[in-house]
Every structure is written in structure tokens, then in C-alpha cells.
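One chain, chain A, links the two complexes that follow: it is found with chain B in the first and with chain C in the second.
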Partner chain A sequence: MSVFERMQRIDRRVMYLLLVVVIALPMFVRFRLPTAITPEVRGVYDTVEAIPRGKLAILSGDWGAGTLAESLPQTEAMMRHLFRNGVPFAILPWAPQTTTLMQNTAERLAKEYGKVYGRDWVNWGWKAVPMVAFLKSMAKDIPGTVKEDYRGTPLSELPAMKGVKNIDDVGFVCHITPVGNIMLWVAFIQAVYGTPIAYAPTAVMVAQGYDPLDAKQLVGMLPGLVGGAQYETLLNDPRSGVRWSNSLSLAELLMILLIVLANVGYFASRRAGGAGR
Partner chain B sequence: MREAILQFFSDPEAVQRAVVWSGAVCTLAIYTFLYRENVIYRLFEHFYLGLAVGYGLFLVVSEILIPKWWGPMWNEGRWWWAFALTGGAMFYFVYSQKHNWISRLAFGAVMGLAVGWMFQDFAGSNFPKIAASLKPVIPHPPVGDSPGLSVPEAVNNAIFLFVLLTVMSYFFFSFDYEKHRRAAKAAQIGRWMLMLGFGAMFGATVMARMSLLIGRMWFLLHDWLGAVSF
Partner chain C sequence: MVSFWGPHTDNPEKTLFILGALVTGALFIFGLTFVPRRARKPLIAAVTFIGGLYFSLEFLIAPRSSAEPFLMSAGPLGRRVFELLYSGLDPDQNFLSPYMQGLTNAWQVIAGFTFALGLTNLVHIHGKNILQARKNWGFSVFFFVGVITMAVIGFFQRFGPGQESPVWQGLWLIATDGWLFSLDAAMFSLIAFFIISAAYRAFRIRSVEATIMMAAAFLVMLGQVPVGIWLTSWIQPDWGPLANLRLENISQWILWKPNAAAQRGIEFGIAVGALAMGLRIWLSLERGSYFEKEV
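Coming up: the complex of A and B.
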């Protein structure tokens, strides 16, 4: 077997091993690759900066442990920004797992920023109702729809919810999700009430976000892990997003290298008179 | 034995250690598939399926049936919730050849509700996109309240319109492409644009899959082995 044929027939297990090595490397060795800020990420940041005083932000989450590497940096970055700016926010989970994951994240960050549950953030808890029905009802009557937080405390007893009656009292929504349901927020909330909505999808769902972004239905987007890393860079507070995006960059470089290698091998072996593959 | 189990569950650190260890064992067992198909992978795949089904069932009972139906009906005297059982049971007549029509009533009601939502969903989602697709392509200075259009923005808009029109022409099947060569050319360019779009989407999918691996690697190296830190 010639060198060119070998280039096309690298054992997939060798490739997997290389992938593991390049992903693990940035976890052991700290370095920083340059992070370019895209307009869609800047759009989210600028909107959070402009949330009017006294308005509530909603962090709507639909993610679980499976997409933690993408959704957690996005969630953390959003919470850090809101805590830092003193904007009270409500966690709106669409799955039981999300209730715990987002609450744990908020509790961990609250210690750093000296924030208190109930005053600086609340967790509405998973309500097990269809999303459209909940959104339509919540838009008109938040206390009547949500009723109580995830611990069973009535909303009226939580200071962060004081004066919050309907969607007019909400200044910003960020939907963090690996699921393609952002257009429900757009159709039933943004299109009707004009509430600014940001989208934080996993990378696989990113394509779905660009047309509403172009139509100004979304104020911005955090595309996957890279979006989280960009947001951390904007906050000047590099954390897991920046760290893990280094692994992502190296993994993609490896894949590009392997694709080039196989193609060079293919064309070279054809030129040399081999059959290629 | 019973005391040892109770003692174990009363120690949060021990429980946390057990959770992390079981997570690590499951992760490694599933990843053995990368080497080749094997019995360990199959075993843990079935564990996962069983857990997922059990978890789903538990959620339905603990989060929906008891708090939203049984509790209000039995404990709070809202007897009319009993009709929900009738409504729900109607779906199961789909298995009866003779009484199939009963299930159609229930399905019809649900579909009617969904279609009503879909009208608003479609209008709210798509009409603004159609309006936003009509972009100006000639650069101009600001006029009154209307913002101006710079040359780079105009070029961007022109590219957008070119892609939009060529892709739409690909899905326009009323032309006889043998006779209308220009339309055929536009459709061919549209197909290329679609291919570029699919390529970008596939690239994003690969990126997402890598992110999943990064998450698992971090779990193994940080949570389980403690070999790396933030």
C-alpha cells in the first residue's frame, strides 16, 4: 500500500484517539485563542445593557445534561451579565432537568456576586403545560399563570416579582435551547408585544436563527459554545466557554487536516495511476 | 444491610461520589462502541433506554397526573376533572374498528386547537420575514427618519436577493427548462446555493457533536478524575 493510499485509509480508531487528545489538551494547558465578536452576539449584549430599570428579564431554558457543554456557558454568561447589571431575572424551565441545572448555576454564581434568591432572581419551575398555552397566558397575566416558584412559594411573596403583572413588565427574554421552538417565542410574544428576544441555540440549530435575526425578530443570538465564549469575552470574564472553545477549535482543525489529507491522498494516487478510493 | 444503605443515603458526599462514578462508568461503557460493537455497549444502551422510559413514566405520574388531575379532583373537590379521564380515554378507541369514530372526535378537537395556534404561529413567524426580504440594493444617504444605505450594505442586500431568487427558482416547477434556458440556469445556481447552505448547516452539526464530546471529556477529567480545574 502506497503512502497516498495509507492517507485515505487511516483507521477510524486512530482518528478518535487523536480527537480525544486534541480536545483534552486545552483542558490541561491554558492558552487563549483570539475570539472575534460577531454582530449577533453583540446584539444580545447591547440589549441586556439597555434593559430599562425595574423590568424583569426571563431566562427561558429547554436544555439538559446532554447539551451541557454548549448550554451551560451560554446560561452562565447571561446570568453573570444580569447579576452584574443588577437586573432581576426569572428562570423559566421547560423541562424538570432544566429547573435544577439552571437553579444550581444561579446559586453558584450568586455567591460570587452576593445575590439572594427571591430578591435578585426567581425560578418559576417546570409547569408541565404546552408551551404555546403557557406563553399566551403568561403574556397577559404572569402571577396568574405561574402562580408559584419551583419551591411552591407564591410569586406575591418574592420581591423580584413585585410589580410584575404581564409581559409589558419584561424587558428581555433569552431562550437557551437545543430544540427548534424559538419561533413560538417570536410568534406569540415578540410579534404581538414587541418584547426583545434573544436566542441561544446549540450549534446544530444555529441555521434556524439567522432568518428571524435578519428580519429583526430576534435582537441577537449566541450560536452554541462559540456564542458563550464570545459573550464571556464581551464581559471581559473568560470562563468555561472560552476554555472549551479552544478544544473545539483544535478539534475542527484536526478534522480539516484529516479531510485535506484524505483528499490529497485520493488525487495523488489517481495521478500516480492507482484506483483511489 | 438496611442501616448501611440508610447511612449511605444520609451522606450527601457519598451519594455525590456514587453519582459521579456511575456517570463515568456509563460514559466509558457507551464510548466502547467507538472501538467496535460490543456487549458492554449493548448492556448500557439497554440500561439507558430502561431508565429513560422509567423516568418519563415517573414524570407523567408525579408531575402531571397527581398534581394536575388526581389532586385537584380528589383532595380539592374539583369533581369535573373526572371528565378529563373520559376525554383522554376517547383516544384509545383508535384501536377499535367498530367505535373508531369516538377517537376521531378527540383527535379532531386537538387538531382544531393546534391549527388555530398554527395560524398565529405562521403569521407571527413568517410575514415579518417576507417583509424583511424586500431589501433595497441602491446605496443612498439618510432621508428623514429613514436610515441610509452604505455601499457594503447594498452589496450584502444584493447577494441576499440573488440567493433568494435563485433558490426560489429551483423550487418553481412550472417552467419547461428545455425551452427556458435562463430559468434552468437560475435553478442550477439555486441548487448550488442550497448545497452551500447544507454544507454550512452540516458544519454546524459537526461543531455541536464535538461540543457534546467536550462536555463528556470535561466530566471525566474534572468531575470524575479531578485532573483539571477551572
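Coming up: the complex of A and C.
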């Protein structure tokens, strides 16, 4: 087998090992790469900064442990900003797993910021109801639709929910999700009531966000893990997003190198008269 | 915390609601088994049609705030229609809106029963696998172990006697953080290995289209991650038009311009398809394996 053919036939186990190494490396070796702040991330930050006093923010999420590497830094960055600015927020989970994951995150961060459940944030808990029906109903009557938090406490007993009647009392929504359902928020909330909505998708879903962004239907977007890292940079508080995006950088670099290697081998072996794979 | 065992002295209404929903739902399902086979499909079609009609009309009909000026200026008939349909409603409501809450509650109850139905189905399939010692019946045993363990721990840590005890809370932590979340994350992580292997084997520049696609992919991928930004960080942002050659700027241009345009085109197509599909399901015209089976 010639060198060029070898370049096209690297054993997959070697590739897997290389991937493990490049992903794990930044966890042991600390280094800082530059981060550019894109307009979509800046848009989310500026909107949170401008949430009027007395309005509630909603952190809507339907992510699970499968996308934790991307969705957790996004969630953490949003919660840190809201806690820091003293904006009360409600967690709106669309899956049972999200209820626990987002609540655990909020509880962990609350200790750092001295925040209290019920006063500074609430968790509406997962409701087994289709998203469209819930959004339409919630927009008109939040206490009537949500009824109680994830522990079974009526919303009326939670100080953060005092005076919150409908979507007019909500100053900001961020939908953190690996699923392509952001347009439901746009169609049933933003387009009807004008509520500012931000989108925090996983990287694979980022492309679909630029259309509503361009149409100003979204105030901004945190594109995947990198979006979380950019937001942490804006908050001047680099955390897991910044650290993990180094792993992502090296993994993407490895993939590009392997693709280039395979293509060089492909062209060289074709030129030499061999069969490219 | 809510106690499922003791009476809901703090919220008797809720206890009644849960019991009422359970009894009504069970009676309703029991009653449905007596519906003649020939009448089942028309019944489903009728419920689907009425449900779809209600939600679309509730969304489309003008709320009081929009309808009031128009109807009040349309003479006595307009005023009569307004009084008939809109009096006593909130500004953002139309005459169908007050039923929304009740229907959403009913929807939640039905959704609860569908979970029970799904579980019954899974138990039936995996139970058969074990009893008949079918191929890979061991996986079915894992199904039962997983479901029963999670259900028991989840139930007792939330509703059981001694729900606050560190034993139940600890077990719940092991079951979720320890097992469920770790397994879920591990399953998804495998995708990285498949992607790198598939990209290496399949991504060959065999045509002009493939070349364009690969170039765009490289530029967007690198422009999104810190290492790509570092590669062209020597180009200063104040270099005028030359600053556009920084990788993050090229990546942004691709995403905001060609990508957004293409996405818009795709979404138009999807929207038209979804509309057609929605109409077919709403009017029970859809055919295929799920819709032609005997119920």
C-alpha cells in the first residue's frame, strides 16, 4: 500500500484515540484562545441589560444531559447575568430531565449570588401539554396555565410571581434547546405580543436561527457552546463555556486535518494512476 | 413538598381534580371499548376536526380590543353582535378564549393517559420477549429493571412517606445524576466519533459543488471556534476592507447572507408542506400505515 493510499485508510481506532486526546487536553492544560463577540450574542446581552424593572424573564429549555456540553454553558451564562442584574426569572422546562438539570444549575449558582428560590427565581416544572397550546394559553393567563411550580406550590405563594398575570409582564425569553421549535415562540409570542425572544440552540441547529435574526424576530442568539463562551466573555466571567470551547476548537481542527489528509491522498493517488477511494 | 399518601388538606380541590380526572378518564376509555369498530374511525375524525377547528378559530378570530371599534361603529346590528359575543370578556379575548383553559387541562389529562398507554405497550412487547425467550431478550430485562427502579425511586423521593430522608434523596441522585444523565451524555458523545470517522471517509472533493461545500464548511467551522479566530487574529480590525478577511467575519457573512437566504427558502417550502399535512390530518384525509390500521 502506497503512502497516499495509507493517507486515505487511517484506522478508525487511531482517529477515535486522537479525538479523545484533543478533547481531553484542554481539561488538563489551561490555555486561553481569543474570542470574538458576534452581533447575535451582543444582541442577547444588550436585551438582558435593558429588561425593565419589575418584569419577569423566562428561561425556557428542553435540553437533556445529551446536549449538556452545549446547553449548560448557555444556561449558566444566562442565569449568571439575570442573577447579577437582579432580574427574577422562571424556568420553563419542556422535558422532565430539563426540570432537574436547570433547577440544579440555578441552585448551584444561587449560592454564589446569595439568591433564594421563590423570590429570585421559580421553576414552573414540566407540564405534559403540547407547546403550542401551552404558549397560547400562558400568553393570556400565566397563573391559570402554570398553576403551580415543580414542587406543587401554587404560583400565588411565590414572591417572584407577584403581579405576573400574562405575557405583558414578561420582559425577556430565552429558549435553550437542541430542538428546532424556536419558530413556535416567534409565531405565538413574539409576533403577537412583541416579547423579546433570544435563541440558544446547539451548534447543529444554529443555521436556522439566522433567518428570524435577520428579520428581527429574535433579539439575539447564543450559537452552541461558542455562544455560551462569548456570553461568559461579555460577562467578564470566563467559565466552562470558554474552557470547553478549547476542546471543540481542537476537535474541529483535527477533523479538518484528517479531511485534508484524505483528500491529498485521494488526489495524489489518482495522479499516480491508483484508485482513489 | 406534595404528599401523595396523606390527604391534601392544604389543597382539597387538587385532590378532587386528580381523582376526578382519573375516574372520568378511566370510565371514558372503558366506554370507548364499547364503540363499534366501524364507528371508531369516524369518532376519532370528528374529535380531531372539532379540536383543530376550535384552536384555529380561537387564534384567528379578533380579540375584543380589535373587534370593539369595528363592531360599535357598524350600527345597531354591530352593537348587538358585540354584546352577544364580546361583552364581559378581557380585551385580549374573543368568545372562544374562555374555554382555552379547560381544554388545555383536558389535554394534560389525555396526555397523562397516553403515557400510561405507551408504558402498557412497552411492557407488553418486552414481557413477550422475555417469556418467549426471543433473540436479545436480555435487553428486555434491562428495560424492566430500568423502568421499575426509576419509577420506584422517583415516586418515593417525591411523594412517599419519609420523602425528605437522605436515603431516598441519595438514591434519586444516583439514579438521575449517576445513571440517567451519564448514560444520556455518553450516548450523545458517541456522535463525535461517528462524525469524525464519516467525515474522513466520505468527504472527498469529487466535484465543483463538493469543493464549494467543503470550503464553506471549513470557513464556518473555523470562524466559529477560538482557534479559527486566532489563526487570522494578525489582521487588525481597523484595516478597513481587509478586516473582512478575518475568519470570523467570513463565517458571519456566510451565516447571515447565503445561509439565511437558503434557510428562508427551505422554510417556505416546509411551511407549505406543513400546511398541507396539517389539513390532511385535520380532515382525516391522511393515509398510510398509522392511519389505515384497524382501531
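Note that in this section the second predicted complex is superposed on the first by the 277 of 277 C-alpha atoms of A that agree within 3 Å, B and C clash if a C-alpha of one lies under 4 Å from a C-alpha of the other, contacts with A are read in each partner's own complex, and residues count from 1 in each chain.
By definition in this document, a residue touches a chain if its C-beta (ideal position, glycine included) is under 8 Å from a C-beta of that chain, and two chains touch if they have at least 3 such contacts.
Remember, predicted model here, so these are calculated numbers, not experimental data.
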Combined model on chain A: chain C and chain B, fit or clash: clash
Touched partner set for A:P34, first chain B, second chain C, both or neither: second
Contacts of A:L258 with chain B and chain C, given as first, second, both or neither: second
Contacts of A:P88 with chain B and chain C, given as first, second, both or neither: neither
Which of chain B and chain C A:G220 touches, first, second, both or neither: neither
Comparing the two partners chain B and chain C, which touches a greater set of residues in chain A: C
Contacts of A:G125 with chain B and chain C, given as first, second, both or neither: neither
Which superposed partner A:L248 touches (first chain B, second chain C, both, neither): both
Touching partner for A:G171 - first (chain B), second (chain C), both, neither: neither
Which of chain B and chain C A:Y266 touches, first, second, both or neither: second
Contacts of A:G61 with chain B and chain C, given as first, second, both or neither: neither
Candidates 97-105, 133-141, 151-159 or 169-177 of chain B: the single one with C-alpha clashes against chain C: 97-105
Shared contact residues on chain A - chain B and chain C: 16, 19, 23, 66-69, 128, 132, 183, 203, 206-207, 211, 214, 223-224, 226, 248, 251-252, 255
Interfacial residue positions of chain A with respect to chain C in the complex: 10, 12, 15-16, 19, 23, 33-36, 38-39, 64-69, 97, 100-101, 127-130, 132-134, 136-137, 140-141, 144-145, 151-152, 154, 166, 183, 203, 206-208, 210-211, 213-214, 223-224, 226, 229, 245-246, 248-256, 258-259, 262-263, 266-267, 276-277
Touch list for chain B against partner chain A, complex: 34-35, 59, 63-64, 68, 117, 120-125, 128-129, 131-133, 160, 197, 200-201, 204-215, 217-218, 221-222, 227-228, 230
In the complex with chain A, residue positions of chain C that touch it: 1-2, 11, 55, 58-59, 90, 92-93, 97, 100-101, 103-104, 107-108, 111-112, 115, 176, 180-182, 184-185, 187-188, 192-193, 195-197, 199-201, 203-205, 214, 218, 221-222, 224-230, 233, 246, 248, 252, 255-256, 259-260, 263-264, 267
List of chain A residues in touch with chain B within their complex: 13, 16, 19-20, 23-24, 27-28, 66-70, 96, 126, 128, 132, 183-184, 186-188, 190-192, 202-207, 211-212, 214-217, 223-226, 239-240, 243-244, 247-248, 251-252, 255
